[in-house]
Each structure stands twice: as C-alpha cells, then as structure tokens.
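Each of the next two complexes has subunit A plus one more chain, namely subunit B in the first and subunit C in the second.
And now, the complex of A and B:
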C-alpha cells in the first residue's frame, strides 16, 4: 500500500485523468484571478443593486454569438455627454436661453436595438422646454417628443412613449405611407420609413437632436443616449441586466472555497474519529460506530432545510452546519478499518514496545498512513458540496447577497430561462459547475488507484 | 427452525436500531426547531385559534361584553396550555413534542392546504407521498436493473473499450446530481425538441377517461424518470463492476473456472450470488442520498410530491409543514433501510441460517 503525500502528487501528475483534472481546475482558478482584476469593486454589495447595472441590456445573449450568426446583433451603444455637439445662446429680447445638442450614431448592425433611453441632465429648476428629434441617414426627420424637464436627471424611455409613436405616425402619413398596425419606436426609428414593412435595418449615420429653451441665462442641459443592444459581454445578462460574466467568475472562488473547506473539514474529522474509534476500541469504539450508523441514516437535507428556514443563515454558517451534520460518516468506517489494519503491523507494535507515547504513535505512525485515503476522500467530496450549495439556492435557501453559481442557476430557473430557451443564463454557470465537478472527479480517479490498488485497470 | 430464529433475531436487532435512529432524527429536528421557541409558538397559536373558533360557535357568545370575552379566552387558553404541558421546562416539552411527532401528530399548517381542503400537516403530506413513491420507486428499480446489467457486462472485459467508456460516464454522472441533469434535459427535450412537457403530472385540463389519464401521467413521468435513471445507473454499474472484478479474482472462482465450468454458470452461481449482499449494502446508502436528491428533482420538474411540497413550504415559510416533512423523511429513510435489511437477510446465507 502506498503512503505519504509525495505519492499523492505523483499519482495525480502521472495519470492522464489527474493531469486533465488539474488543468481544468487551473483554468477555473485562472478565471477567478481574472475576476479580481476585471471587477475591481465589491461584488456582494453591488450584485443586487439595480441602478448599478442599468446601462446593460436585459436578457442579452453573449456578444460572441455574432461569430456564429449570419445576422449581426447589435451591441449597446452609449453616446456620452462629451460626444454631443453643444450650442448655447441667450436671446436678450426674449429673455430666453437656447441650447441645442446634437449627436451622431453610426448604426451598422442587422438587428434593431432592444431599447432606447435618453438621459437629460438639467441644472435649473425653472423648467426647460425640450424638443427631441431623430434624423435618419436618408434625411427623414422624426419629431420624438416635446416636454418640460425639471432639475436633475430625467430618463426618457423613447421606446415606450405615446408621443414618439404619434410622431412616427405623423411622419409616415406626411410621406404618404400607411403606418403599420403596431408602432414600435425602437424598430421604426431604425427602419427606412419609406418602406416601414420591410423589417430591414437602415444602416448609416443617425442624428439625435435636442432643442431646449429656458428663461434663465445660466441654465444648461446635457444628455446621454443609450441604445441598448441585443448582445452583451462574454456571458450575456440576466433579467436584472446583471453582467453574468461577473457573476460567474465571482462564483468560482466562492464555490471552490465552500466546497474545499467543507470537504477538508468533514474528511479530516471523519478520518480522525474513525482512527480514534479503532485506537481506543472497547466502549468508545462501540459508541462511535453506533453513532456513525445513525448519522448515515439521518435525513441530512431535511434537517439542513429546517435549520435554514427557521434561522436565516449565510453561506459560511451553512458551511458550519454542514460540517456539524457530517462529523460521522462513511469515512469514519473506512478509516477505522484501515487504522485497525495498520495498528496490527509490526512497526506500530515496535513503537509501543519501545515506549513511544500514544500521541506520537497516533500522529506520526498511524495518521500519516491514512493521508492518501483522506486526500482522495476530500477530492471526491468537493463536487457534492458545490452542488449542495446550488441545491439550497434552488430551494430559495441560499445566501441572497453573494453571486454563487447555484444562485445564478436558481435565478435562471425561476426567471423562466429554461422554458424560454435563454440558454446562456443556464448553460454558462452550468458548464462551469460541471467542469469543476469533473475536474475533481478526474483527480479523484487518479487518487483512487493509490487508495484502492486492487481496482487498478489492467 | 434455527434458521428462522437467526433471521428473526437479526431482524429484531435491525428494527430496534432503526427505531432508535428514527427517534434520534426526529428529536434532532424538534430540538432545532424549538431552540428558538418555534414549536411553542405554533402550538399556542393553534390552541388560541381552536378556543376562539369554538367559543364563537357557542350561542350567546356575541352578546357578551368584550372584556368578558377576553377573560374567558385567556382562562381556557391557560388551562389548555397546562393540559398540553406547554408550561413545563424546555426539555420536558421537547419530549412531548417528540411523542407527538413520532405518532405523526404534526399539527396544522399555516398557509398550505391539501387538495381535499384539510389543513392538517399529516393530510397534506400523506396526500403527496404516493406521487413521490410512484416516481422514485419506479426510477430506482429501473436504474438498479439497468445498472446491474451494464456492470456485469463491464466486468466481463475489464479495461476493454466498453468498460473504459462506461467508467468515464459513471464517474462523470456520479458527481453531478439528478436535478442538475433535470434542468439541462428540460431545456433540451422540452424546449428545443418539444418531445415532453416542461413539468407537472397531468395536462390541464386532465383527460377524462382512465386510459387517457394513465397515458398522460406516463407522458409527464417520462422525462423525470429518464433523468433519474440516466444520472444514477452509471454509478451503480461502476459499483457492481468493481465488486464483480474483486470477486472474480477470488480463489474459488479461479478454481471453478479451472474446473471448466461454463462462463454463464460461473457468473450466476460463483460471482453474482456472493456479490449481491454487498451490492444491497451500497444500494441502501445510495438510496438514502437519492430520497433526499428527490426533493430538488421534484422541484425542478414541478412533480407534485413531497419535494415540491418542500419548496412550497419554504417559500410560504410554513414552518409546521417543514418540520412535518423532516419527520416524514426520517420515517421514509428508516423504512427504506428496513426493507433493504429484509432483502439482505434473505440473500445472505449466514443470516438466513442455511449454513
């Protein structure tokens, strides 16, 4: 029988499966390191903050799907305050300040945007009369809306406004075109209005114009135009516009930390208790074995659910409870029988006869021999704990603040991603969780050969 | 005769142990739930509710002045609390609750009602139990049979292409829980291929005739059943394979083979038979895990059994149902082990007392 930690490392790196497992884990760990660089803010505080994600499109698939499509889906285009050309003048006789803002938007995608929002920033509270206009590449000018804007930030949801729809209708009537039954501004604004039923995007340079008037010399207006796309980032977005890439890469360290810590603690405790059971024998052994039998039949998940329902817990308390519920287990039994075997070996007998202390024999002569087994056990039980966290999330018992893989999958399931085919929302976190599980299983397979040489493939 | 007594003694021993486990599991649940005084609260709220509804039905009750009403309610409430033993110290109270729970006297649900309109937790749970048993017992029997046969086949030529392929499959499916496959399969088979419904147990509205109803349930059962078998039979086959390979190396098998016994007799009598008891032991452990895995799998497939009741109770924060379910699960696990012990007893000649 092999022993010692050198053999473990050897076993992992000499076998193909172990190497593959380590490689996959390295990639996932690499991703988590990227996460720390790519996302410099505190995710747990921002993840549930809706305003933080408002510049992202809703339920957008990842950008790279454009490579596989023959139609190019639009990305979100944001025209910032600095991109507007601004003219201001004050007319003394009328006592009015005029501001015009104009921005150019080069649109060459094959699909319409999903939403259009114009943000207006006004520094005066006396009320500013604002007129928004849209000029298509073919020169057709469409009045969008006219409204009085007060102090502060005013978002104008162009896609949802009645007056924008009317403006479009009037423009078409003026052109002698029969307007379609339903008017979707985000579609018609980007179509050739001479052929409104062609459903083809009119590519070219669009102009967005704002005319404002206010009876105050110092007042001014700024604007930002957000044309939401239909694809986003590396992993798409969810129903709350959150960048799933951030969630998914942040889920990696959380999942690994949770899985590894739980696996290490439970495996070590179970092995130690099994060894103690063998070492002391007699009554201690009997009691430990009966407790283990009971522990193995306990309804683990129902008890865990009861605790989570009654005492709202976070992920680290959950970890402590899982460990407490797994103090005894199958590893206790295996470790006990292995320890009994080791104790009957001559070198332990020799140690006893030359008067080595009990602690010395236990820590230096018996436990190290159990190390390979414990290691294999740790590696093999990591995936089950990663999935346990996901399972609890699905039942609505996960940590609500952290973006864990399980939380994202459960959000996706509840958000109808499965029944509406929003594949990226489900498949990207799922792939990562499966890759992690398989990586540990492969490493476990490599270790299995050290622990159970009888099963070695012939 | 001695064979029967040996068997009975074995069964009595196991039954006593399982009963002890049941009591401990239930007691742990109760201790956890009542550590924050939750069961106390639930019970006293129920007593108060019973008293007020009873009194409201008494003639002349509404004519009484308000403070008189409160006095009578409080009086009865206190005597009921005394009668129930709710004024006793914590540990004594939990013993009362333990007896209540073990006799399935699980109280009344806060929000959830059974299909028949009952608010009693037992009724709600027992109404759902057959559906869970239907799906997962069928699934478990199916995957054990499929797994056993594939395991046997793998053990014939260890290291061959089939064995290698299935070993990888087994290892991969072993680490991924059934509910996870459930999510992926719903997406593939229900959304993209449209072969099966997204979930539930019957169509809305359900078919009128019995045959149509039966076929409709089968149609809804197909995907959860497939998921269950798909995700669990690999691990099973792997366990069976390893056991067979181990036994095939034993001296008595080698001798039998040397004697020139035909391979299929060898397989049945010399390899399969001695490997059955350990297979039963490992199935009992995997069954415990799979009963609990059923909770989430049902939630995913919206299968109206105990698992969906769990997620319903969790989202409604219906604590009596959650506690009741934990008790019923303890019963379920213990009953499963008891059945397996029985099977084990019949299979192992040492216990059957043949030798």
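And now, the complex of A and C:
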C-alpha cells in the first residue's frame, strides 16, 4: 500500500465518479462563495430579524417556476421614493402646504399580486391629511383612502383596509356595475372594473397618486409602493418572508465546515489513538480498547439532547460535543490493527536500530502509512456529519440563530410546508443535503481504489 | 589482529504461549578487526536472533537476555538503552536487515531515509545530511538522483545497495549483514558480494555475515560459525571448515551443497531442526546424527579444540582440549 496524499488526489481525478463528486462540491462551494460576496450583510444576525425581510412576499415559490407555467406569475415590484414625481406648493392665504406624489407602475403579469403596501414617510408631527388614489390603465380612478398621518413611517396595508373596499364598491356603483360578492382589493385594483367577475388581470400602466395637505411650510411627504409578487428569487421565501436562497447558500459553507471539521478531527484523533494503542501495547492498549468499546455503545442522541436542554448550544459547541463523543470509535480499532501490522515490518525495526526516537517512528514510519485510510475515512464520514447536523436541527437541538440546511427544513416542518404544498421550502435544502452526500460518496468510491488493494487496477 | 568484538555466553530466550524458545543459547565468539565471520545454519537455528542479541534490539517478548558483548573494549551490556542508541548503534556497529525490500519506509524518499540515520546521530542540518546521503549512494555505486526516488521505484539490487549505504552512513566498525543477498538473483548477488568486499578493503570493516547459503558465505568469510539449535556447533577458519569439517552436522551440511555440474548425489539430513522450546537432551543434533552415541543423548558436549584452531561441539572429539 504505497499510497501517499498524491495518490489520493490522482485517484480522485482519474476516476469519473471522483470527478463528478468534486464537480458537485465545487458548484455548492461556488454558490456559497458567490453568496458571501454578494450578500452585503451579516446573515447570522439578520436571519431572525423580521423587519429586515419585510420587502419580500410571503411563502412565494422561486421565480424560475415561470418557465414551467403558461401563466406569468408576478414578481415583487418596488417603487422607490425617487420614482415618484413630486409637486409641492405652499398657499400663504390658507397657511397650508400641498404635496402631490405620483408614480407609474407597468403591470403585465397574468396573476394578481399577493399584497400591496404603501409606505408613507412624513417629517412633521402636526398631522398631514393624505388622500391615496389608484388610476387604472383604462382611466377609471379609484379613491383608496383618506387619513391623517403623523410623524415617521406609516405603512398602509391596502389589501386589508375597509375604506379601500368601500372606495372600490362606490366606483363600481358609479359605473353602474353590480359589485361581486367578495371584494379583495389586490384583485379588483388590477381587474377591469367594467367586468369585475372576469378575474382577468388588466395589463397596462397604473398610476398611484398621493395628495397631501399640512399646515406647515417645511413639512413634506415621501412614499414607497410595494406590490408584492407571487414568486421570489431563486429559492422562494418562507413564512417569515426570508429569502431561502440566502439561507441555503449560507447553509452550504456551514454544513461543509461542520461536516469536514468534525470528520477530520474525529478521524485523525481516532487514528492517532488507535496507533498509540498499538504502539504502547500492554496496559495502555487494553485501556484504550475497552474505552473504545464503551464509546461505541454510548447512546449519542440522548446525551446530546441532555446537553442541549441544560446548555444553550450553538453550532460550534455542538461540533465540540460531537467530536468529544467520537474521540474513540471504529477508526481506533481499525487503525490499531493496521498499526500492529505496520510495526512488525522490517523498516520499523531498522528505524529502531539506527536510533530513531519513538516520536519519529510514529510520525514518519507508522502514521504516513495510515494516511490513505484516514483520508478515505474523512471523506466517507463527512456526509454522515452533515446529516447529523440536519437531524439535530430537525429535533430542535441545532443552532437557533444560524440558517443551516437542517434549520430551514425544521422551519418548513413547523410551518406545515408539506401539508400546504410549499415544496420549495422543503425540497431545496434537502436536495442540497443529498447532493453533498452524493458528492462525498462519489469521491469515496474513487478513494476506495486507493485504500482497498483488491480494487486497485495496477 | 586485534579483537574488536567479543561475545560471551550470549543467551536470548523468547517467551511464547507455548513455552520458552531458546533461540540463542550460550553463544560465544570473537571477531577480529577487518575480519568476516560467516554465521551459517538452517532456517530457524537462531542466526538472526543472535544478530538481534548482539545489537540488543530486543523484541517485546524477551524472556531471558544474558551474556556479555564487548565492543572495542567496552562492555555495551552496561550501557542503558539511550546511551547504546546514541553511542554504539550505527556509530560502531550497524546492521543490514533481512529482506531489503521491506527495510525501507515506502513513504519516504531514499535520500531522506539515509539522511534520517545521520540526523539522529550528528548535529547537522538536513541539507548537509542529504548531501552526505548522496555521497554514500555513490559509495555503493548508485547514481545521485536515486536520492529523490521512492523505494518502490527501485529494483531489488538497488534497494539492497541503499540499505547497505544506510548501514555505512556513520562509518561503523562492524556491520552485521543478515542474509543480505537471499532475495536476489545470482548476478545481483555477485554484484553485492563484490561491493561488500570492496567496502571492507577500503574502510577496514568487519562483517558478521549471516546466511544459509554456504556458497555465498565462502566468498566472503574468513571465519565460519556453524549454528544448530541456537548453539554454535562448529567454529573455525573458512578454509578448515570448507575443506575438512569436524562436526557431523557441518559435514552433512557441506554434502548437501549442490554443484553446478557433475553427478554428485545430493545428501540431506533426515529429520527436522530441533524444537527450540523443548530441545532434545544432551547434544541437540543427536536425533539426526549418524554417529550418535549413548553419551550424546545425556550430556551436552563442550567445545573441543580441533585442528587449525577450530572448535567443534561433538563427543567424537572427546579427549581433545576443551575450550
């Protein structure tokens, strides 16, 4: 078994399965690198901040499903403060300041938006009288609401307002149309009010108008209109409007880091202890092997549950606990038996005779021979640790602050994603977990040829 | 000639599950400067164990280790392990292990491995050690680029040369060669033997040459020790032993050497080598000896002096001086 690290790399790249595994991993890692560069905020601190995500639609499927549908589902349209045309004038005689804001919205989707919210920003506390109007492409003007707005930010949930419904009803009555039974503002505002029962989106340019009056010369108003779509991003959103794409790509390095760190640490520690066990023999060997036996039958999950009940766990303490519980394990046994075999080889005896120290013999003569085995062991145990993290999250034992794949699946489970058919919420993170497992399994398949001499084609 | 190594009453017993294996039992011999002592005998007669006992490279299951080894006037039995390792092993006495194929670490480059032996003993940098390693490769007639190769890239003969270069790296006075040519073809064997001869001449080395191949031994040996059942049964100059062996075992051994041509019927020794856990009483050879007498079965023979300063442990020579 004259195998070094170079042999391992060679074997991975020479076999098709190894190459495929590396490619999959590269794609996942590439995504997360892109995410790290393009997501300009600290995800771990913002993930649970509801206000941060308020501009996203709720429970929207990914926007690429438009490719597979013959209808075009709307994406979220945000009309910012600068997109409004603003007129301001002060009437000295009345002592009133008038502000008019108008924005245009080109709507050409086949489905109605999910929500409409207008944000009003007023810089004065004396109270501003604001009138909102909606003008459809066919020229029908619908009064939305009339209210007094104070200082600061005021969100107007157009879909939930009684006065908006009344305004719609009055408009239809004026047109001589019998209003339909249910009046959903998001629907009717985007339908031809001449035919309100056709439930077809009226495509064209809509206008949103704000008229405001306030008895203060310096006061002004700004607005932002958010027309929530029905699709969002590459991976959709969850019930807290969070962008799942950011969640899953942010989860990739976390999952890989968790899996790799745990796998590397446990494999190396187990191999080292197995080698020491063989090297010292006698009492040390006996003690190490019996401890290994005990460790191998220790119930992993109950211990973890107990610890997470007593202490607040984050993902890195979880890692530490997993490593601590896997200090001894099956690799200890394998490494011991391999080390016993290597130790009896003449070159080790030769090294002893020319005066090599114990440490040197361990590091230069025995451990390098165990390296190919350890490498394969690492690669093969990475997916199991990724699974473990996901499983623990699903049990509610994971890190509550960070978006990991397991955490997202666990959220989806709590949000009833499966019952309500919110497939993207479950399938996207689970696909990534499966892809990771497949990638490492494929690499492991390639490595098998290095480690298992019977499979070698030399 | 001056004595360089004196071994007296050396014992090495192993404890196994079946009992105590008396692998080396009361072995004594003397090695002079610039001399080659060939140790010959069947497989399992304790040749390699004797080498290990001289070097004090004891395995874990040693039961008894006794006797004195005097090297260059210094009783190395009195040194502790670290001192032995630092001052004696490889500086004064080194060893070429049986099966050169396995005596090299498969994951280290050749130059690195030779340098290792130097680094353990001398206060030099790795760079200097690598340079010396390259030189010592030239000493065994290997090109310098071999230093950058891995063991599996070398042929058997080349590996054997590397192992010899490793043994010579620190200029020892004595080299123990444990079957250095047993796994090689005859051409390579001849090459290695010539190399050993040349090195001996150039550097004034003394060899203890362990082999079961009497023909190879005759090429190099000045003295020959014939081992049987953990004991030296006959000891003498090469000339005397090859021409006129005195012990019945040596005689039988000589008779069993095949010749290249000729109609000589090969003889063999009936029976098997003795069980070293439970050796036969008296002379250990008596169950297979054609001349066995009553005394052979009860009393172990001392070493009687025979002609030309040789010694033979056989009752046939009773009446001669006892050593």
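One rule holds in what follows: the second predicted complex is superposed on the first by the 453 of 458 C-alpha atoms of A that agree within 3 Å, B and C clash if a C-alpha of one lies under 4 Å from a C-alpha of the other, contacts with A are read in each partner's own complex, and residues count from 1 in each chain.
In this text, a contact is a pair of C-beta atoms (placed from the backbone, for glycine too) under 8 Å apart; a residue touches a chain by one contact, two chains touch by 3 or more.
Remember, it's a predicted structure, so these values are computed and weren't measured experimentally.
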Simultaneous placement of subunit C and subunit B on subunit A, clash or fit: fit
Touching partner for A:394 - first (subunit B), second (subunit C), both, neither: first
After the two structures are overlaid on chain A, angle v-u-w for subunit B, subunit A, subunit C in degrees (C-alpha centres, nearest 10): 60
First, second, both or neither for A:281, with subunit B first and subunit C second: second
Partner chain(s) touched by A:353 [first = subunit B, second = subunit C, both, neither]: second
First (subunit B), second (subunit C), both or neither touched by A:294: first
Partner chain(s) touched by A:438 [first = subunit B, second = subunit C, both, neither]: first
Touched partner set for A:101, first subunit B, second subunit C, both or neither: neither
Which superposed partner A:273 touches (first subunit B, second subunit C, both, neither): neither
Partner chain in contact with A:365 - subunit B first, subunit C second, else both or neither: second
Per-pair minimum CA distance [subunit C against subunit B, superposed on A] in Å: 20
For the subunit A and subunit C complex, residues of the former touching the latter: 1-2, 4, 281, 345-347, 349-357, 360, 364-365, 368-369
Contacting residues of subunit B [partner subunit A, same complex]: 17-18, 20-21, 24-25, 28-29, 32-33, 36, 38, 158-159, 164, 171-172, 174-177, 179-180, 183-184, 186-187, 190-192, 198, 242, 245-246, 249, 285, 288, 292, 295-296, 299-300, 310-311, 313-315, 317, 319, 322-323, 325-326, 329-330, 332-334, 337
Footprint of subunit A on subunit C - complex, ascending: 55, 57, 60, 85-86, 89-90, 94-95, 97-99, 102-108, 116-117, 120-121, 150-152, 163, 166
Subunit B-touching residues of subunit A, taken from the complex the two chains share: 290, 293-294, 296-303, 305-307, 309-311, 330, 380, 383-384, 387, 390-391, 394-397, 409, 413, 418-421, 423, 426-427, 430, 433-434, 437-438, 440-442, 444-445, 454-455, 457-458
